[in-house]
Amino acid sequence: MTEINFINAQNTAIVIFFIGVYGLCARRNIIKAIISLGIMGGGAILFFLSVNRGPDSMPPIFNGDSFVMADPLPQALVITAIVIGVSVTAVALIMFIAMYHKYGTTNWLKAMRHRIEREDE
Amino acid sequence: MILYAFIFIPIITGTLIYLIPWKGIVKVAFGLQMGLMALSIYNFVYIRLNGPIEVVIGNFAKIAGISLRCDTLSATLLMLTAFIFLMCFLFGLMDKFMNNLFVFFFLTLQALTMVIFLSGDLFNIYVVTEVSTIIVAVLIMFKKDSRSLYDGMLYLITNIAAMTFFLLGLGFMYKIFGSLDISIIGAKMFDIENARVLAMPFAFLMTGIGLKCAFLPLFSWLPKAHATPSAPSIVSVILSGLYVKCGIYLFIRVREMFLPALEMDDIFLVIGILTGIIGFILAMSQKDIKMILAYHTISQLGIVLIGITAGGEYAYYGGVLHLFNHAVFKSLLFLSAGIIISKYGTRDITKIRGVFRRMPYVSGMTIAAMLGITGAPLFNGSISKYFIQSGVKGGIIEYAMILINLGTIISFIKFSQMFFGKGLAERIHIDFGKKAAVTTMGLMCLLMGMGGTLVISGIINYRVSIDILEYIKKALVYFVSLGAGYLTYNKYLKKTKFIKEGYELELSINGIAISMMAFFIFIAAAAYVIL
Amino acid sequence: MRKDVRRRLLILICVIAITLIVLMLLNAFDETMKPEAFNYYIDKAMDETEMPNIVTAIYLQYRLFDTLFEALLLSVAVSAVVYFAAAWEKEEGDIENE
Amino acid sequence: MNERADHSEILEDILLFIYPLIILFGIFVIVTGVTQSGGGFQGGAVLVAVLMCRYLVYPDDMLGLNAIKKTDKIVLILILVLGVGAILIGFSNLPQYIKNIYNMVIGILIGIRVSSGLSVIFYTFADIEGGD
């Protein structure tokens, strides 16, 4: 039983978050960096949703009956976090497209070298 | 009520300016800035007389809603925000890039900065910081030239990653405390039984904030973002003079929040000293004017951090005062650097010569700012550095402060080379607005130095006095450092490869992410050991 | 290529180690206080706002401030996207002219 | 014949059938957000699907992009003014029927905002990708 208890939303969230961090640390592709940011955000969102929520929690909507509710605050916060994620991804991607048309590369290191070369001009 | 005005008037005006397709409307923004300045002074006086105010938005219970809190520190920061933005608009009103879109972004950024200084809710701070990060990235890339694209991209990705760390830390905080309000969490901090549970959230939050304030391993994005060649100089002013203070302000608030249960001042003190030293060493080796100034921002932030964490009231208020002083003189330096760059057409410090003869007025003001940043007697930097040093009297920290100051002096001796030498003799005409902005800032440098004690007792309800004898001793140390710096630079350093050819610590995104991880695990381990 | 793989492997091991440490620390201590905000919403939100869906009540009333900034964020993102896309199109035209 | 190669007729007919359903569902989610699960953001996100479907059929026909951009900003100002007004007056001072109207209006405004913002983003990207 202990193994099953260990696999809960909270621990999964941490693991997902660090998968994103790995992508940011190890991958040199700019698009993959943007995807990694999305993964990290997903981990954080999952963590938020796991707070104050048991296996038998119901959505926090009153309908006259009494039941165990999930915490409504994280759910409201998560909507905001999702919109932030969408906007950030959109802006990062459009910046990447603009950068790709200048540099012609998707690699961070090559882009960095391009930038230094242009500085010397 | 007045707090809402600071937040919503700039946003709504900015959006309207964006919608109206007439370029002249931009002038309205300048009038708005005057109004905000007056309002912020009124607000400051009100807060100073009546004590801090706290409003919960929509008149709900504090636990359920979002609260805005304004004490003297945030009121002063609001005043600083209004002042720096006013100067920026005065400086750049006639420039070509000042179109409606730019003003929209700029005014929105001002409102968001003010929210960060006012908000009492951690999640609200997260949202606002994300919005402002996007705006800053767009402003960095505003001219869309090829170098700034890389800088803006790097800025965006690193800062968003840091804020995701912050978000996860918030999740932990909410799980433990059941609330997101800073003051409620601060009050509950006393009741915590097993303080080790705080190690993780603290490390996550501090990694996010540490990158925002460019602590030691995490500063690699800052010089590029603050000194992008093509960004308008007023953007550099806002970033280096003001926006980076949001990070420090968050640091102050979060540190205060955790203080009852978790105190890690010693570790941050060491980080501050190292940040200060690394900052000036890298600044010395730069050739680009803006780069030099950007690296000095890192160094000065280290000094602020030393002041905040060194312990003792004097050092703390010295650190806070240095925050304001740094905003004034660094903004002035960036403004005059902008003028020099646009008139000379180059940013290379070895190629610019004879500035003093061509624009004596601007040069004079720049020298005032340089005296301020190096801590010359009677100028503003000296007062705050005096307080920080008197708080940590004796011991290794004082020597570290003197060392950082010496390094700053050496670096600015290199910087001042451009004033002298033979260049073309004719004067260069400078707009009235630019002159007015630079003059006001220069006078502020001198005034905040002359009335340093008045400023500090005005800002915080705390009487301080300067020991004249001690101050003269500090002045002597300054002149000795000046001489030593001059000699070292001309005798030894000038010919070294390090100074001549320049050296750049370039970390790619992977490097920054790895150092972020290292910082995170270091803070977590340290917190775990201390508790 | 070999070097790249080795670098990634090293980073992978480090990240896994850190993840395990974080998971251990997280599960070793468990102290949660009374969730005051949660209880407040459950008890009072229905009376105060008359909205059965508490999530919407929080989103539209208690934390309206966040919602406003979220709206602003989307607007800023849209302006940024349009601005950068316009730049790209203009540049494409320049290249054609040459 | 070439015109047909651009878009398949099956797709077009099916989408004609689906359009109203998506729009109805989006409006339903927005309007019932107060009492059931749903809300302005969720409904707005559903409504974007309409424009995305349209893009599948007529890739070259950008439906009034400039108008959508203007809408975006105007609705932002409306939301800000409405929100600030409600904050200044204070929710507890408002009578219940005004609060109900407020909830409805601001929900719809947020729905319009989200859908217009996301569709501008979608169209801009689609334009860049489809351009070459």
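First chain written, first letter: the chains are A, B, C and D, and each begins at residue 1.
The rule is short, and it goes like this: contacts are C-beta pairs under 8 Å (C-beta built on N, C-alpha and C of every residue); 3 or more make two chains touch, one makes a residue touch a chain.
Nothing here was measured: the structure is a model prediction, and the numbers come from that model.
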Higher number of C-beta pairs in contact (A-C or B-D) found for A-C
Rounded to the nearest Å, the gap separating the Cα centres of chain A and chain C is 6
Whole-angstrom distance, CA centroid of chain B to CA centroid of chain D, is 40
Per the C-alpha means, the centres of chain A and chain B lie apart by a whole-Å value of 28
In whole angstrom, the CA-centroid distance of chain A from chain D equals 24
Where chain C touches two or more other chains simultaneously, the residues are 11, 15, 18, 22, 26, 35, 37-38, 41, 45, 48, 52-53, 55, 59, 61-67, 70, 72-77, 80-81, 84-85, 87-88
Touching at least 2 other chains, the residues of chain B are 11, 15, 18, 57-58, 60, 123, 127, 130, 134, 138, 141, 144, 175, 178, 514, 517
Each of the following residues of chain A touches two or more other chains, namely 21, 25-26, 52, 59, 61, 73, 77, 79-80, 83-84, 86-88, 90-91, 94-95, 97-98
Contact graph of the chains (line, ring, star, complete, other): complete
Note: in the complex, chain D contacts chain A through residues 35-37, 39, 41, 114, 118, 121, 124-125, 128
Note: in the complex, chain A contacts chain B through residues 13, 17, 20-21, 24-28, 30, 33-34, 37, 40-41, 43-44, 47-48, 51-52, 73-74, 77, 80-81, 84, 87-88, 91-92, 95-96, 98-99, 102-103, 108-109, 111-112, 114-116, 118-119
The answer for chain C against chain D in the complex is residues 48-53, 55-56, 59-61, 64-65, 67-68, 71-72, 74-75, 77-78, 81-82, 85, 88-89, 92
The residues of chain C that touch chain B in their complex are 11, 14-15, 18, 21-22, 25-26, 28-38, 40-41, 44-45, 48, 61-66, 69-70, 72-73, 75-77, 79-80, 83-84, 87
Listed in rising order, chain B residues that touch chain C in their complex are 11, 15, 18, 57-58, 60-61, 63-66, 101, 104-105, 108, 112, 115, 123-124, 127-128, 130-131, 134-135, 138, 141, 144, 175-180, 184, 188, 191-194, 196-197, 199-200, 514, 517, 520-521, 524, 528
